[in-house]
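Order of writing sets the chain letters: A, B, C, D and E. Residues in each chain are counted from 1.
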Amino acid sequence: MEPLLVVLSGLPMTLFITVVSFAIGAVLGIPMALGLRTGVAPVRWVVRLAVDLLRGIPMIVWLFLLKFGLSTPAFRITALEAAIVGLGLISAGYLADIYRGGLQAVPKGQYEAAAALGIPGAVSFFGVIVPQAARIVSPSIATYLIGLLKNSSIASTIAVAEMVFMAQGYAKQNINTVAGVLPYAIAGVLYILLSIPVAMLSRRLDANLRKAVI
Amino acid sequence: ACGGGSGSSGAKANCTPLVSNITTIKSGTLTVGVIDQPPYSSYNNGSPTGMDIDFIKQIADANCLNVEYQQASFANAMQAIASGQIDTATGDINVTEKREQVVDFPRSIYLEGVGYASKKGVDVKSIDDIDAKGIKTIGIGDGYGWLADMQKVFGDKVKTYPSSVEMKQDLEAGRVDMIMEAYGTAVDEFKGNDNIAVEYANKNPDKRINSLVEPPEVSYPYTKGNTSLGQAFDKGIEKIIKDGKVKPTLKKYGLDEGLAEIRDKQYVVPATD
Amino acid sequence: MIELGGVVKSYNGNTILHEVSLRVERGEVCSIIGPSGAGKSTLLRCINLLEQPDDGNMVIDGQFVDFTENLGKSDLMALRRKCGMVFQQFNLFPHMSALKNVVFPQMHVLGRGKEEAEERAMELLKRVGLEDRADHRPSQLSGGQQQRVAIARALALDPAVMLFDEPTSALDPEVSGEVLNVMRELAEGGMTMCVVTHEMSFARDVGDHLVVMADGRIIDEGDPKEIMAHPVNERTRRFLSAVGR
Amino acid sequence: MIELGGVVKSYNGNTILHEVSLRVERGEVCSIIGPSGAGKSTLLRCINLLEQPDDGNMVIDGQFVDFTENLGKSDLMALRRKCGMVFQQFNLFPHMSALKNVVFPQMHVLGRGKEEAEERAMELLKRVGLEDRADHRPSQLSGGQQQRVAIARALALDPAVMLFDEPTSALDPEVSGEVLNVMRELAEGGMTMCVVTHEMSFARDVGDHLVVMADGRIIDEGDPKEIMAHPVNERTRRFLSAVGR
Amino acid sequence: MVPKEPLLQFWGEGLPNMLHGLQISVALAGVSMIIGLPLGLLFCMMVMSRNRVISAIGLVVVEIGRGMPALIILYLVYFGLPGFGILLDSFPSAIIALAWNYSCYCSEIFRAGIQAVPGGQNEAGDALGLDGRVIFFYVILPQAFRSIVPALLGQTILLFQDTSLAYTVAVPELMKEAYTYGSTTFQYLRVFVLAGLCYAVVTLPASWITRWLERRLALSY
């Protein structure tokens, strides 16, 4: 019972990090996705490089860089802030690419139909293209969200008191016994349980997408 | 009263400080980063304990300061002091030339010894034992003062760890044959463990490992240039020594009283390589 | 109504349209036939300015366009509004109901109010026989019904000309009839129409003017019945016999 | 050659084929027409045992099959080998050249050696007019050419019957001709064929026997020319007029 | 607090150790991949098996392997197994954890790739009377590779990045070397920027190749 309570005490933090950094990524990903699709080549290259760097450098390196590297007398960053900023930026990189793929997957005929009707660019983008792209990408976004939930565990390495950190704290007092493994196993099961609702939602969205668009 | 009583400083009333007008991050309060390194200090969910904590409390009292604690690690403590996020840190912090590039140290308070911990029956007691007893892997924490010397002598036999907890775990599990830990930490970690033998390494100095010849001194780093805080520490530590409180405290935590024999002139561990 | 003069269009060096000239009078139905790759779709897309031709000019509904000049955005929009376009793949907006598909462009292109737009939309859906399907999503409609909604959507903007690009070729033969009937009624109602089609019977019975294209050129044009009955041009004859008439 | 008796097929409770019986003689060309969803494809897939019917029986090339019994794997393979199937979407193997497409099944189904298989493949590719396209991947071929390769691939296994499921409906009218010509030659060569098609002229001119299906039943059958000229059945008449003849 | 050495000199001093760490990271990823790929194919075949029991076992193994964070799997293997009398060194522990995690993702990639091959291909094979195994290995799998290969490459890049987690169990890989260098110099910003660049030197070209390959394979046949 005790290990379960200890691990559960980290659950709110896990959810908090996941939700906040996802929100940051979801918003920040929009301008980046537009940057990836812009006709201005230098802008596109710069954004592309930024996205590739965000995705290509391990999460733990970003977190350490933010946590230990970015402290000056004028600027302090706590472990939680570092985790949220780090995961948020990385999410923005991944989500930007997902958004871009969604925009690209909207059939060309839709752009053409809107143009042929003379619908102004902004209206056709937000009224015609974006709603369809949103449906196309929603399963990928759900998959990413599940991944992010799991990756939030890496925040434990910079001492953010989420589930794995709590599990670790308990396990260290019971080295080499079953009680030393139990909290990790409990945390693992909790992650699986947590991802189930998102996965189910994603499958529902996916099915709806098929019905609505195809 | 210090600091003129009515101020919002929050300093203790009816108290005469050793040093007046001490600059701290939060006026009237000493913000201490606590590194988990029992028995020297452990954060303990916000109510820290340990030898260093005992000393820090005495120093703060003598200077009419409140104390606030934050969790810290060796990786970020110096950075945090240098950048003014905390006033000082505890956890068996050695006075070294590298650290002096980033922070200032007051006078030292006690010596740090090095401890060997190995399986009972192996009983490593000296550097020469390592080869003699067929040790294959030696665990040492990242940032430990003797790491560089040991790597020079033993090369790939040395395995480094992000913190002493993993290191302890691996010795118990048998993934490393011995570890070289701060003596106090080793004593504390393996207290009551019948399988592990802890030895005080400085008893058998070896000139290849500087820390064994010249045991490092421990003190409380503070932000570079904060002379008022430096003086407060100096005076506070002096008082503790003069009051003869060091040896009893060492004893209380199960450590050799010889660790109180600091040098007349502060010894700074030189930067190797 | 539409007059094209020397329209040239190339893609990366490949010339797809070689100085095509064409005249469609007000109220006339012009059918365009020809083998795959002839440039029929490209020609239609040039009229609608979905593609900017490289050379040539056009008069459409009294307005002159010089293709060598770059068109401003508002000019482009104004010109496009003159044409209603119906695609082979319908291209309805899948996330909107049939009604919304017809209402949405009216509101954003003509600035009509919601009520007015809905009234007009229902009128048109009735005209294409789909008043009872107004609430259905495109995915809940058959191909023929989708194409009729697409026609209603284009008509809702009161275009001067309707352009059709193989409107029935993605449809089962049985449902093609519904769409062709709607087009026939439109033609009878006096709408000016350009229709790219493989439906020879439509071209013959409904079309006023037949244009045969091949390899980016108009190789034959004139009265549909005459050309189909007695094709003079060798290439035309080959095409007509291949299509089986 | 093929004799179906009371074939029933349902998908999750929906009966798609209602006791369909049909006879196709050796060397006969049987055309199957009917509206979308009538069950034409399903019938063909049952003959080929791509679907296992729920009831009924079949005699094919002298071999009797009772659909209520579970077929062993080797029986299934042997029966399938009797039919060559050509699909609407060609279904060539995209990662193999045209030649390899025709060679591969021969080697793995008939166990022919590589040389023999290639010789036979080249012979068949020549017969469908594609000997110079042997090295091309399907993606490098036009739809009509792909469909002809698919025919060659099916023929290579020396089937007793050829089954065609709308072989030209994914093709442009102009290229359909090539495929229909190959089929016509096959028919003239005495091949037994079942052809689901919307090509009325093929059914009329080449077919020996016409079957009209609707709603999972054969509603009409007999001489193609007769049925097309004077459709007696009301549903047949409606269908024929919708398809435009 | 102002760093004393010029940046490049500072990096130059740390680089030899970091490159050595990079080698270990690459080795860790390489061995995990060599184990994980065939294992992934096996899991995929189990999951797709018609035998319900095998399929259920496969599904459980894969869903656990994908459902838990890599870090937890690593801790379970490294800190958990000794409690059951299985004592593995840090390197093999990391390999087991990473390879299992990786193979479960690969299993799903294989499955998606196979399901993405149009149904008509299976039908055509059936109609020709081809054997099920022949269809799978000669018709379906080669086509599935078109979508599988880029996805696998992408997953392998993630695997390479995940090797950084092995630092927590004291594998002397790149992240560990960076941390060691940082804890002796206190110049974490410079150190982790260098570490990031070391990772990027591998992952950026790899992801560019992946994108290029994806486009090329999409265009082929």
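Basically, contacts are C-beta pairs under 8 Å (C-beta built on N, C-alpha and C of every residue); 3 or more make two chains touch, one makes a residue touch a chain.
This is a predicted model, so every value here is computed, not measured.
Common partners of chain D and chain E, by the touch rule above, are absent. The most distant chain from chain E is C, comparing centres defined as mean Cα coordinates. Note: centroid distance chain C to chain E, computed from Cα atoms, is 52 Å.
The distance from the centre of chain B to the centre of chain E, each centre being the mean of the chain's C-alpha atoms, comes to 40 Å.
Put simply, the C-alpha centre of chain A and that of chain E have 19 angstrom between them.
In terms of their C-alpha centroids, the spacing between chain B and chain D amounts to 86 Å.
Multi-chain contact residues of chain B (touching two or more other chains) are listed as 75-76, 79, 83, 169, 173.
Residue positions 68, 73, 175-176 of chain A each touch two or more of the other chains. A list of each chain pair in contact follows: A-B, A-C, A-E, B-E, C-D, D-E.
Taken together, the chain E residues at the contact with chain D in this complex read 118, 120-121, 123-124, 126-131, 134, 138-139, 142-143, 221.
On the chain A side of its complex with chain E, the touching residues are 52-53, 55-62, 64-65, 68-70, 73, 150-151, 153-154, 156-157, 164, 167-168, 171, 175-178, 180-181, 184-185, 187-188, 191-192, 195.
Residues of chain A that touch chain B in their complex: 67-68, 71-73, 76, 159, 172, 175-176.
Every residue of chain B that touches chain A in the complex is listed here, in rising order: 71, 73, 75-76, 79-80, 83-85, 165, 168-169, 172-173.
Those residues of chain C that touch chain A in the shared complex are 48, 50, 77-78, 80-81, 83, 85, 87, 89, 91-95, 104-105, 108-109, 137, 139, 153-154, 157.
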